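Look at the two complexes coming up: chain A is in both, with chain B in one and chain C in the other.
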Partner chain A sequence: MTLRTIFERQRDIIDYSLQNMLRRWSKNTLILIIFIVLVFIVSSVLFINGSLTKEMMVTSMDLPDITVQRIKGGRQVNIQAPDALEIEKIPGVEAVEKRVWGYFYQETLQANFTIYGMDLDQLEKGEYNQIVDWKSYPDDIERNPDFRMIVGHGVLELLKNIEMDNTFLFFQPGWQQLISFDIIGTFRGETELQSNDMMILQIQGARKVLELPDNEFTDLAVFIPNPEEIDNIALKIQRLFPGLRTVTREQIKNSYASVFGWKSAFVLSSLLAGIFAFLILIWDKASGLSLEEKREIGILKAVGWDTALVLQVKFWEGLILSGISSVSGILLAYAFVYWLRAPGLKQIFIGWSTIYPSFRLTPDVDFKFLVLIITICVVPYLAVTIFPAWKAAITDPDVMIRNI
Partner chain B sequence: MILHPWILGLAVGHSTLLLLFSLCVLNAWQIFRGWDYNSTGENQFLLEKKTYLISSIINFTLFVQILMLFLFEITADELANVLPGAMCAVGTLSSNNYGFLLLNLKIVSTFVYFMWLVINYLDNQMETYPLVKKKYLALILIYPLPIMEIILFFKFAFHLDPSVITSCCGSVFNESAKGIGGSLANSSASISLSLFFCVAFLLLGNRYITCRWGRGHKRLGALLEFPFWILFFITAILVTISFISTYVYEMVSHNCLFCFIGSQYHYYGVFLYFSLFIATGAGMTGGLLEMITKPAILAKKARLLQKKMHTVSFYGMMLFLVTGFWPFIVYYIKTGRLI
Partner chain C sequence: MDNHVIEIINVTKTYNKGKPNEVTAVKDTSLEINEGSLVVLKGSSGSGKTTLLSLIGCQTKPTTGEVIIQGKKVSKLPEKFMNLHKRKNIGFIFQHFQLIAGMSVLDNIMLPLIPEGISSKERYRRANQLLEQFNLTHRREFKTSSLSGGEQQRAAIARALINNPGILLADEPSAHLDSELTSSLLDHISRLKQSGHTILITSHDPDVYQKSMVDHIFEMKNGQIISS
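And now, the complex of A and B:
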C-alpha cells in the first residue's frame, strides 16, 4: 500500500466516524460538555499556576540576596544596628540595607497596609521618578518633612472612601494625638503586584508609626554580587551570630513554587474524583450500545469490514471527541484566566487579604502544559474506551443483525 | 513526597498504563495457554478476537509511553523550581537514587514496546499467526517493566524532599566530579567522537559488507546490527554530553543533556532525541527481525520489513548527525575556530 492510499483510506474512515458521531449527536453532546468542563478546569488551574510561578520568578529578582532577622524565643524581634555593621565586614558582602517596615491595620476600612520606611528625598531623585505619580501641594502651609508618604494605587482607592486621599491620619493606641501624613505621590499601575497595599513613609515617620526605637530595625537586607557565594555567606552569618536567621532568595523562591504547586495539585486531586466519575460514565455509555448501533456494526461487518477497521472507526471517534474537547476546553480556560482574570479560582492561589491587587495574569502558555493536560484528561478517556470499542467490534454480524 | 501537578499527571499516566497492561497480560496468558490454530472450537474463535484487543492496547501503550517519557523530563525540569539547589532536570533526577534509574528503565521499555509492535505487525500479516505463542510469551515476560516503572516512580516521588540540596547539571556533568556523569563528561570530546564515529562506520560498513557478501555472512551481519545499535545509542549520548552540548550552549562547562529540550533552546533536544530514538529503535528491530527464519513465507516478509527498518534507521542516523553537528558547523563558520 502506498502512502497515498493509506492516507486516503484514513481520510475515508475519519469521514465515516464524523458522520457517525453527528448522527448520534445527542449521546455525544453530553460527553462533549462534561469533557470540555474537565479540560477547562484542569487547564485553568495549570495556567494560573504557571503564570503565578513565572510572575514570582520575575519579581524575586528584586528580592535581597539574603534577608537577616533576629530570632528571640522562636519569634522575630527587632535587629540592632551593630549587627548590620558586623555583617557588612564579611568579605563578599556588597551592602547591607537596614529596613524599617511593618503593618498598619485601619479599623474603619478593615484593611491591612504594609508600611515601609525610606528616605523619600532620595527616591524623588532616583529611579522611582518613573513609577510614581507625584502630587504637588501649594507651599503656603507649613508641613513636617518627616510625615510624608507615597501610597499604592489600591490604598489610594480605599482612602478615597474615607476622604483621606490627601492626608492620612495615623493613630496607635497609647498615642496622645493623631499624626497626619501628607500623600505626596502614588505608584503607577504597572507595579501593582508589589505596590498595591504599600505605604512608603519617610523613615522617621515610619519609626513613629511602627513604634520602633532609634538604632533598631525590622530586619536587614544583604546584597551579594556573586551568586555563588550567597549560600556560604548565609552560613557564615548564622555561625557568627547564632541569634540571627538568614533567608536566601533561593529559599523564598522554592517555597513559593512549592506552595503554588501544592495548591494546584490539591485542586487537581479533588478533581480526580470528578475525572473518575466521568470515566465510569464513558465506560457505561460506550459499552451499552443501542440496538441501532449494534445493527449498524453488524451490517458493516456483513458487507466486508473487518474487526480492525471497526476498531479504527471507534478509535477515530474517541480521538475526534477528545480533540474537540481539549481544544475548546483549553481556549475557554485561556479566556477565563487571562481575560476574565480567573474569578473564583484565583483567590485559592493568592490569598485572602481585602486589598490584594486585582492584577492581570500574564500569559505563560507552554507546550509542556499540553502534554500534562493530555495525560490527565485524554489518556484515561482513550484507555477507558478501548475495551468497549473492542467488544463492539468483535461481535459477529449474524448475532448483531438477528439481535440475539 | 511532593504534591505537585506534574507528579499527579505522572501518577495518572503510570496507573493507566499499568491497568491496561495488566488487562493485556491477562488475555495474553489465555491466548498462550489455549491457542490452537487448527481447532474450530468457540474458544479458539474468541482467542483470535482477543488478539485485536491486545494489539490495540499495546499500540496505545507505546503512545502513552512516549508521552510519559516527555512528561517525565518536563516534570523533572519543573520540579527543579521547587527543590533547593536543583537548576534543571538533572538536579531533580539525582536528588534521590531512583530518578535516573527510572529514566533509563523508561527508555528501555519504550524500545521494547516498539520492537514488540513491529513483530506483532509482521505476524498479523500472516493468516496463520505463526508467532502467536512466542509473542504473547514475550508480552508476559515484559510485564515486569511497567510494574517496575510504577514502583520506581512512586519511590522517586516519595523520596523527593524539597529541603534536600541537590546537585545541578553543572556539577553532575562537571569534569572534576566523581561518578558516572563526571567520567562521561571527562572522556574528552576527541575520545567520545572517535568512539562514536567508529561505531557509526562499523554499522555502515557492516551493512555494506552484508549487502555484498553471501548468505552466511549476511545472517551474521544482520544479527550484529542489534548490539551495534545499542552501542550507537550509548556512544551518541556520550557525544551529546561531551561534544554536541558544548556547541548548543556555546559554553565549555555546560554539558547538560536536558536543558536544550525546552523552549529556551527552541526544542532542539526534541528533534535530536527523536532522530536518535527512531534510528536506534528501527535499527535494533532490524537486527531482531533477522532471527525470524521459519516458516519461509514469514521469513520472506520479515526480510522485507527488515529492509524498511534499515532504511528508516539509516535516515534516522543521518538526521541525528545533521541535527547534532549543525550547531558545531554554525559555530565553526561564524567564528572559524573550535570551542
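And now, the complex of A and C:
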C-alpha cells in the first residue's frame, strides 16, 4: 500500500466511525455530556487553584521580610513607636515601617474592607505611583487632605452600586458622626487576591476610622536586605522584646499554602468520588456492548474486516468522543473561571474573606495539567471502548451471526 | 477434474470442545466442487449445512481437516491472510441477510470494500452498478431496516458481489421469500451462474433444488454428507 492509500483508508475508517457514532447519537450524546461536565469541574478546580497559587506568590513578594506584632494576654494589641526605634538598631535591619491598618465592615454592602493607612503624597511621588490610576478633580472645592483614599477595582465596582464611588462615608453605630473620604484613585493590580478589597487611606484619616491613637501602630514591617539573616533577626527580636511576636514572610506563605492545599485537597477528594462514579457509568455504557453492536461487529468480520480494522474504528470512536469532550470541558471551564469568575466554586477557595467584591482571577494555565486531564479522560475511555469490542471481534463471525 | 475451486478434506467442526455442551456440527466430511457449477446442500434443520458453508466461507476454522479454496489452504492461514483470501474470492449471502440496520443500502453494500483501501470514487461506481443490476437504485439512501424482504435479499446479494468474487455462498436464500420472490431470486442465481460464478446454496426448499440448472445436490445428516 502506498502512503496515499494508507491515508485514504484511515480517512474512510474515521468516516465510518463518525457515521457509527451518529447512528447511536442518543447514547453518545449522554456520554458526551457526562464527560464534559466532569472535565469541566476538574479543570475549573485546577484553574482556580493554579491562579490562586500564582496570586499568592505574587502577593507574598510584597510582604515584609518580618512582621512584628505586640502581644498582650495572647491578643494582638497596638505597638508603640519606641519599639520600632529599638528594632531599627539591630544590625542587618535596613528599615522598619510602622504600619496602620485594620478592617472595616460596611453594613449596607455587607462587605469587609481592608483599611490601610499611608501617606498618599509619598505614594504619589514614589515608585508606586504607576500602579495607581489617579483621578483628577477639575472642580475647586476645598478638600481636607487627611480624608483622601485610593481603592481597588473591586471596591470601586461595589461602591458604584451605592453611588459612593467619589466620596465614601465611613460610619459605625458608636460614632458621633460620619467620616467622609474622597476617592482620588484606583490601583491597577496585577495581584487581586489582596488588593481587591483594599482601601488605602491617608494615614491621619485612617487613624480616625480605625480608632487608633496618634503614637500607636497596628504592627511593624521589618525589611532585611540579606535573606539569610531573616530567621536569625526574627529570633533576636523575640529574645530582646518578650512582648513582641514575629512572623516571617516564609511563615505567611506557608500558612497560605496550607490553607489552599487543604481546600484543594478537599475539593479534589470529592472530585475523585465523582470520577469514580463516572468511570462506573462509562464502563456500564461503553463496555456493555449491546446485542446490536455485537451483531454489527460480527457482520463486519463476516464481510472480511480484520479484527485490527474493527478495533481501529472503535479507537477513533473513543478518541473522537473523549477528545471532543475533554477539550470542550476545558474550554468551558476556562470561560467559567476567567470570564464568569467562577460563581459558586470560588467561594470554596476564598472562604476566609467575608466578600471579595469582584474578584477576577488572572489566567494561569499549566499545559502539563491540561495534557494530564486529557490523558486521564481519553486513555481509560479508549480502554473501555476497545476492550469489549476486541472481545467481540475475536469471536468467529459465524457464532455472532447465528445468534440473532 | 482439476478445476476444484472448493475442496473439503476430512473436515470436522466441533463447537464448545471439552465442555458439556460440546456439539460436533460437521463430522469427517469431504467434498469437491467444480468451477462454475451450481451446487445445493440439502438436509433437515440441524444437519450441519450452515456450519459447512461457514467453513467454506472462511467464517470459522475447522477443528480438524482442511479447507482449500482456489487452491489455497485457507484453514491454515492466519486471520489477516484468510480475510484477504475471503474478500477476494468469496461472496456470502447470510440466512438473515445480516445487513446493518441503521445504515443506508449504499453504505451496507460498500462495507466489504473498506478493508481493501479502494478509493471512494471506485466504491461508489461499483455499488451504483450493483444497485442498478438488482433494481435498488431508488432505495439507495434508505435504511435497510425499512426495506421489504425481497429488497433486503437483493441488497445482501449485491454486498456479496461487490468484490467480484468467483464463489458465491448462500445460506437458505429462499427461506424468507414467497414463491414469486423465490423465482426472481432463482433468476438472479441463474444469471450469476451464466456469468461464471461457482455457487453453493443450502436449502430444503424443493423449488430451489429441483431446478434444472442445479448441477449437484448433496444431502447432509448428522454432520455428514450422506448422498450426492
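In this text, the second predicted complex is superposed on the first by the 228 of 404 C-alpha atoms of A that agree within 3 Å, B and C clash if a C-alpha of one lies under 4 Å from a C-alpha of the other, contacts with A are read in each partner's own complex, and residues count from 1 in each chain.
As a working rule, contacts are C-beta pairs under 8 Å (C-beta built on N, C-alpha and C of every residue); 3 or more make two chains touch, one makes a residue touch a chain.
Note that the coordinates shown come from a computational prediction; the quantities given were computed from them, not determined experimentally.
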First, second, both or neither for A:320, with chain B first and chain C second: neither
If touched residues of chain A are counted for chain B and for chain C, the larger one: B
Contacts of A:398 with chain B and chain C, given as first, second, both or neither: second
Partner chain in contact with A:5 - chain B first, chain C second, else both or neither: second
First, second, both or neither for A:268, with chain B first and chain C second: first
Partner chain in contact with A:299 - chain B first, chain C second, else both or neither: second
First, second, both or neither for A:14, with chain B first and chain C second: neither
Partner chain(s) touched by A:23 [first = chain B, second = chain C, both, neither]: second
Chain B versus chain C as contact partner of A:307, first or second or both or neither: both
Contacts on chain A seen with chain B and repeated with chain C across the two complexes: 307-308
Residues on chain A engaged by chain B in the complex (per definition of touch): 45-46, 49, 53, 57, 250-251, 253-254, 257-258, 261-262, 264-266, 268-269, 272, 307-308, 311, 315, 366-368, 371-372, 374-376, 379-380, 382-383, 386-387, 389-390, 393-394
Residues on chain B engaged by chain A in the complex (per definition of touch): 2-10, 12-13, 16, 19-20, 23, 49, 52-53, 56-57, 60, 64, 67-68, 70-71, 74, 78, 81-85, 162, 262-263, 267
Contacting residues of chain A [partner chain C, same complex]: 1, 5-6, 8-9, 12-13, 16, 19, 23, 292, 295-296, 298-300, 302-309, 396-399, 401-402, 404
Contacting residues of chain C [partner chain A, same complex]: 50-51, 54, 59-61, 79-80, 83, 86-87, 92, 94, 96, 98-103, 107, 111-112, 114-115, 117, 119-120, 159, 163
